[in-house]
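Each of the next two complexes has subunit A plus one more chain, namely subunit B in the first and subunit C in the second.
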Partner chain A sequence: MKPFAYHQPGEAAEAGRLLETHGGQARLIAGGSDLLGELKDGIVHYGQLISLSRVKGLDQIHQGASGLRLGAMVILARMEGDPLLSGPYRMLAEAARGVATPEIRNQGTLGGNLCQRPRCLHYRSPWVSCLKKGGSGCPAMESGHQHYLSVMGAGDCRAVNPSDLAPPLVALAGVAIIDGASGSRSLPLTDFFAGPDQIAGRDNALRPGELLVAVELPPMPENWRGTYLKARERTAGDFALISAAFGCRIEEGRIEQARLVLGGASAGPMRCPEAEALLEGQAPSAETAARAAEAAFADASPLPHNGFKLDLGRALVSRAISQITSSTG
Partner chain B sequence: MSMDTKRIVTASINGAEISVMADNRMSLLEMLRDAAGLTGTKEGCMTGDCGACSVMMNGRVVDSCLVMAAEAEGAEIETVEGIADGKNLHPLQRKFLEHAALQCGICTPGFLVSAKALLEKNPDPSDAETRYWLAGNLCRCTGYQQIIDAVRDAAAEMRSSAK
Partner chain C sequence: MTDSLDIVGQSVTRLELEDKVLGVTRYTADLKRPGMLYAKILRSPHPHARIVAIDTSAAEKAPGVHAVLTHHDVSSFAIEGDLLVLDARLRFVGDEVAAVAAESPAAAADALELIRVEYEPLPPVFDCGAALAPGAPELHPGGNLVDGRRLVVERGDTEGAFPTAFRVFEGVFHTAAHGPVGMETRSALAEWDDDRLTVHKTSRSLHAHDRKILSNALGIPLEHVRVICTSMGGGFGNKDEGRLGPLAAFLARKAGRPVRLEYSRMEEFIAGRNRQAMVSRLKIGVAEDGAPVAIEMRSEMNAGAHVASGRNVTRRIGQGALYLYACPNARFEGASVYTNHPAGGSFRGLGAPAGHFALEVLMDQVAAGMGLDPLEYRLRFHVGPEGQPGRRTTPPGEAIPDEPVEGGVPFSSHGLRECLLSGAERIGWRERRQPNGSATGPSRRGLGVAMGIYKGGVGREAQAEIHVDRRGRVEVRVGVVDVGQGSSTILAQIAAEALQLPLDFITMVMADTAHTPPGHITAGSSTTFSSGHAVKQAADTVRNRLRERAAATLGVSDVSLSGGVFTAQGREGAALTFHQLCAALPEPVIEQVTLTPGSTDRVINSFSAHFAEVEVEMDTGRIRILRYVAAQDAGRIVNPRLAEGQVTGAVLQFLGIALREELLMDPTSGVTLNPSFLEHKNTAIVDFPPVEVLFASQPEPLAPFGAKGLGEPPVVPVYAAVANAVANATGVWLHEAPFTPKRVLQAIAQQGADRP
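Moving on to the complex of A and B:
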């Protein structure tokens, strides 16, 4: 690890100013569980680390008239058990429980989870150059290790965002609250993450000098329920190969307000409007769930070694739909 | 450009206030082992995968290899060295010995810290709960069953002596 300066600003604006001053030399550090791995493995170097641990007010979960606000520095362990994450928001607690290990959930934060770097083995290897690390080619396309790559989209880089919180937050219509040296703005999470035709090297829409300070969730109907299911190689401490967040409410025996979001399928969390439209107004049944699962992956273009994620993904989607539609109403 | 790459970090470690000179790159694990001389906490992977470095920080169990020493400023840290009461072993430590829940022992300090944190939160964990809450601690030797048995046996003893 090369030496670096370590800043612990007390205000988000100051963190933004430091980011702006030091440009590409600077990186934010929240819980550190992803970044420290990258630094130790030598795949990234920064001269300036800007810690968010002392920034005031970022570790709150707050319920207001306009919905629920989750600070970027809320740790995942708190999300597992916070009483505000119940009813429609319970899927967030479920997703938090599935992240990594208890130790890491005590360190890892919501903001860090959303802004973590991809798990593509080529990106994580200090020995190979790749587009995300500023190299000129992508070794993943010719490789057998494609399980952490997308099955949709056609960007030059097929790495996916590994966040388990992103799919349920998108399903709940989350909005990213961004602060920085040049003021604050908000952006729907659907526009926050890189799209299927991502530009390598850019994981999200944060501009230089900006940081994610919170996620806001609009109010949901009391009877809306969701779940988050993830497929992984080991049951504990592992990243999702593919995942599905699904939620809806049942009105007079019919599915309403269906939201389906896939993780690990595209560069960022991906909403599935066709599948949602198929479900809307339908009576729950195994056939309906299977048709929606088919529709969710209709546009898939898997790589030679990750087609298995389609079967896993369809199974997760039908299971999530059946689980929610049979227990709601 | 000049930059400060070192700082003095002061933390409470097992109840004693300790100050060390820490390079910015130093992890809490290195601060405990190399600067404070508390080598009970082990290094397995340095990447958050094994839990051998588990310590309590402000009441929560964390992987000390993934915590910057700078973040320990003002924190309360408890390590495996703080678990026994003088010469009297903690029930978890005794039960680990009775159940032969260790072989090489590199994972043991981390398991003890994590298990103690678990029992403080849940004095009567089921088998599944014990496995879930210890999922961040890896053991290459025992096959885990003895560890789970030791933790649940210690929990039973602590419950009956609390009555």
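Moving on to the complex of A and C:
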């Protein structure tokens, strides 16, 4: 690992200023569970690390009139068991519990989880150059090992955001709260992450000098329920190949307010409006679930070696819908 | 053989258990010396290149750096035929370019970046077909086909027999490269005292390999080299004999200080010796009743940059096809092929698991095609105690090979049938197995069986020494390494049983060339059989000498020995403790034995029959192992708890390999893309089933106390037991491992889930 300077600002705005000052040389560090690995493996190098550990108020989960606010420095282990993450928000606790291992969950934060870098094997290899690392080509396209790449979109870089929290947060209509050198702003999470036709250099909508400080979730009806399912090669300590967050409420035997979000399918978490529309107002059934699953992947454009992820994704979507609609209402 | 055994057959606690549990055990990488330096290796970024120029001047001047080593600084001694200590020619991404010794690991790592290398990239070749094609870049003089020829072994006449077959079944089977992942990474600590060298090293062969290699590479007499490996954190046949020791020793000599070189996990995956990818084309001809009349297997192993023990790996792919089923005509053809992948080498089971995968899955397809239950098929056609049909080819009086080809030689012991029957009973085969598994629905269950045949542990020259001194200290000195499998405990039990002394009277001295007689490599599941033989013979002699002396002291013609007390026969009350006898010894009793155990008229092999129950999710391709029964014939079991651990560990290791583990190579750059536990999917404990272990009851008449090899045999049938259970559940045959969701879904898509 190469040497770096370590900053511990006390305010988010100061962190933003440091980011702005050092530009591409600077990177935020929260739990460090992703970043330190990248630095040690020589995949990236930053001369300036800006720690968020002393920025006050970022590690709170707060219930207010406008909904639930989750600070970016809340660790995943806390999300697993926080009493506020119940009812409609229980899917978040479920998703947090499925991340990596207890050691990582004690260290990793919500903000870090959302801003972590892709698991694309070529991006993660110190021996190969790629678009996301500033190189001129994408070796993953020529490789048979495409299981961590997207099945949607047509960007030059098909790496995906591997976050397990992003899909349920998007399903809950989460809003990114952004702070920085030039003030604060908010952005729906759907617009926060790179879209299907991403530019390789950018994972999210943060501008130079900006940082994610919280995610706000609007109030949800008491009887809305969601779940998060993922397909992995092993049951623990593994990243999702593809995942699905689904939630709805059942009113008089009909599906209402359906939200379906895929992870690992596109560059960022991807809502499936056609599938949601198809479910809206329908009586739950295995056939309905299967049709929604088909619709979710209708526009898929898999790579030569990751078409199997469509099978996995459809199975997860069907299961998630059946699971929620059979246990709700 | 003694009928009543006191110590052999008991689950005594392994000798080093307490130290390991308390964290007292010191492995190679735990060792430190005053003034010790830390070594790091510069690795090739190219899959195939030549070093045109290398400038180490900046690195040598870097703070804390004491030595930099390049191919200019080492002897031209070949560690193996195709492997130099350092080489100007680089053959895989991660190949060793240079090494640095510095006062801290960080200083060494920083200095690597100051080494300027001018590379001339050469065209690489990654797969066997391309490597064997005319005009392919040659990795070593003589071409990419190792030894310039394919290995061919044959019994009878397959070419003549196939046309007479009632039906012929064929299949092509692939297994992937994977990392053996011992928990301890490779490590060596070298220190010089004048022109004498001591090396602590992760090893499986101190005497037979490391000491000789170091002596030759460093140009010093053998007697000046001491190699030690008293504790190993995982061997699995994989802690090889490569560059590690010489690099540490050259650096230490150049720096004038002790040097420790320890691989990172990433290095272990890239530059350790991996299990390489294999492909086998198998053809089985059967008679109208289903009996095999001809079996032919053609296999290729992608050996990577250096072949090491790869010839044996390839040879063992074929052993199941040659010998597991009674068949007059059998032929194996194997090729080891150099490519620009990382070097392969030995790993538990060598090629046998891959070969049995092909054989045992295609045999299930044969049984299905002939309308026979797979268990019944095996009970009817497995090789019997009489051995293979045909004529003996080994000249009379010569030892029968442990990987036999010839017919006409019976087995010395043969517990295969017992394993099949006991395993089938345990898993409930006859009551529970349906021809089409659980047949329908999104989750389907099935049962599968597979057998295995493997070396029983003969054929290695073994030596043992026993010293009994006047304090009553009994030292059993054996040069082999306990690689973590528990052989020190097993050999101590054999010694105690033969000496008729309590186990805690025995002190084992192993794995230190300064204090042990030459020992064989820990390989081929041979320690219990071969070194056990030497220990038993030495102990028998010592016991008899001590008894004679005790009888003379007591003035009787014979004594009995029990619990460390000699009791006079025929004279009431006269007794002598072992320590009293020793105190009166005029000089220590020393017995040294050298032997090569085996048989001139019997095959000595170990057998397995494994049964798996699986559940397959048809929509996600996920396989869950619900239950696993492993029945093993290893003769008499010396220590049931250790043996059960061996078998359970073997099965879990290979369930992981069968289902998930794979080294992913980038096809254009040759880079190993997943050199980490995160992406090389070693199985997490939640995905493992309980393993039920059964042992056959028949002792091996020619083995020490009847015990045959057990280290490797239980890994052999695992791929096939799982694949056959999946086939029973789904109707889909898996011919490509590991059985990841991607491959399972592809197989379902190609073969069709014909059941609704």
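Structure notes:
Methods note: the second predicted complex is superposed on the first by the 329 of 329 C-alpha atoms of A that agree within 3 Å, B and C clash if a C-alpha of one lies under 4 Å from a C-alpha of the other, contacts with A are read in each partner's own complex, and residues count from 1 in each chain.
Going forward, contacts are C-beta pairs under 8 Å (C-beta built on N, C-alpha and C of every residue); 3 or more make two chains touch, one makes a residue touch a chain.
Fair warning: this is a prediction, and the values are worked out from it, not measured in the lab.
By the touch criterion stated above, A:His147 is placed in contact with subunit C alone, subunit B being left untouched. Contact with both subunit B and subunit C is seen for A:Ala236 once the two complexes are overlaid on the shared chain. In the superposition on chain A, A:Pro102 makes contact with subunit B only, not with subunit C.
When the shared chain is aligned, no partner comes close enough to touch A:Arg17: not subunit B, not subunit C. Note: residues 41, 236-237 of subunit A belong to the subunit B contact set and to the subunit C contact set alike, using the contact criterion stated above. Against subunit C, in their complex, subunit A makes its touches with residues 41, 119, 121-122, 124-125, 127-128, 139, 142-145, 147, 231, 233-239, 241, 308, 311-312, 314-316, 318. On the side of subunit B, the complex with subunit A involves touching residues 3-5, 7, 23-25, 27, 46-49, 51, 54, 60-63, 65-68, 70-71, 114, 132-136. Across the interface of their complex, subunit B is touched by residues 1, 3-6, 8, 29, 31-33, 36-37, 40-41, 47-49, 51, 53, 75, 77, 100-104, 106-107, 236-237 of subunit A. On the subunit C side of its complex with subunit A, the touching residues are 45, 93, 266, 617, 619-622, 660, 664, 666-669, 671, 673-674, 678-679, 681, 683-687, 740-742, 745-746.
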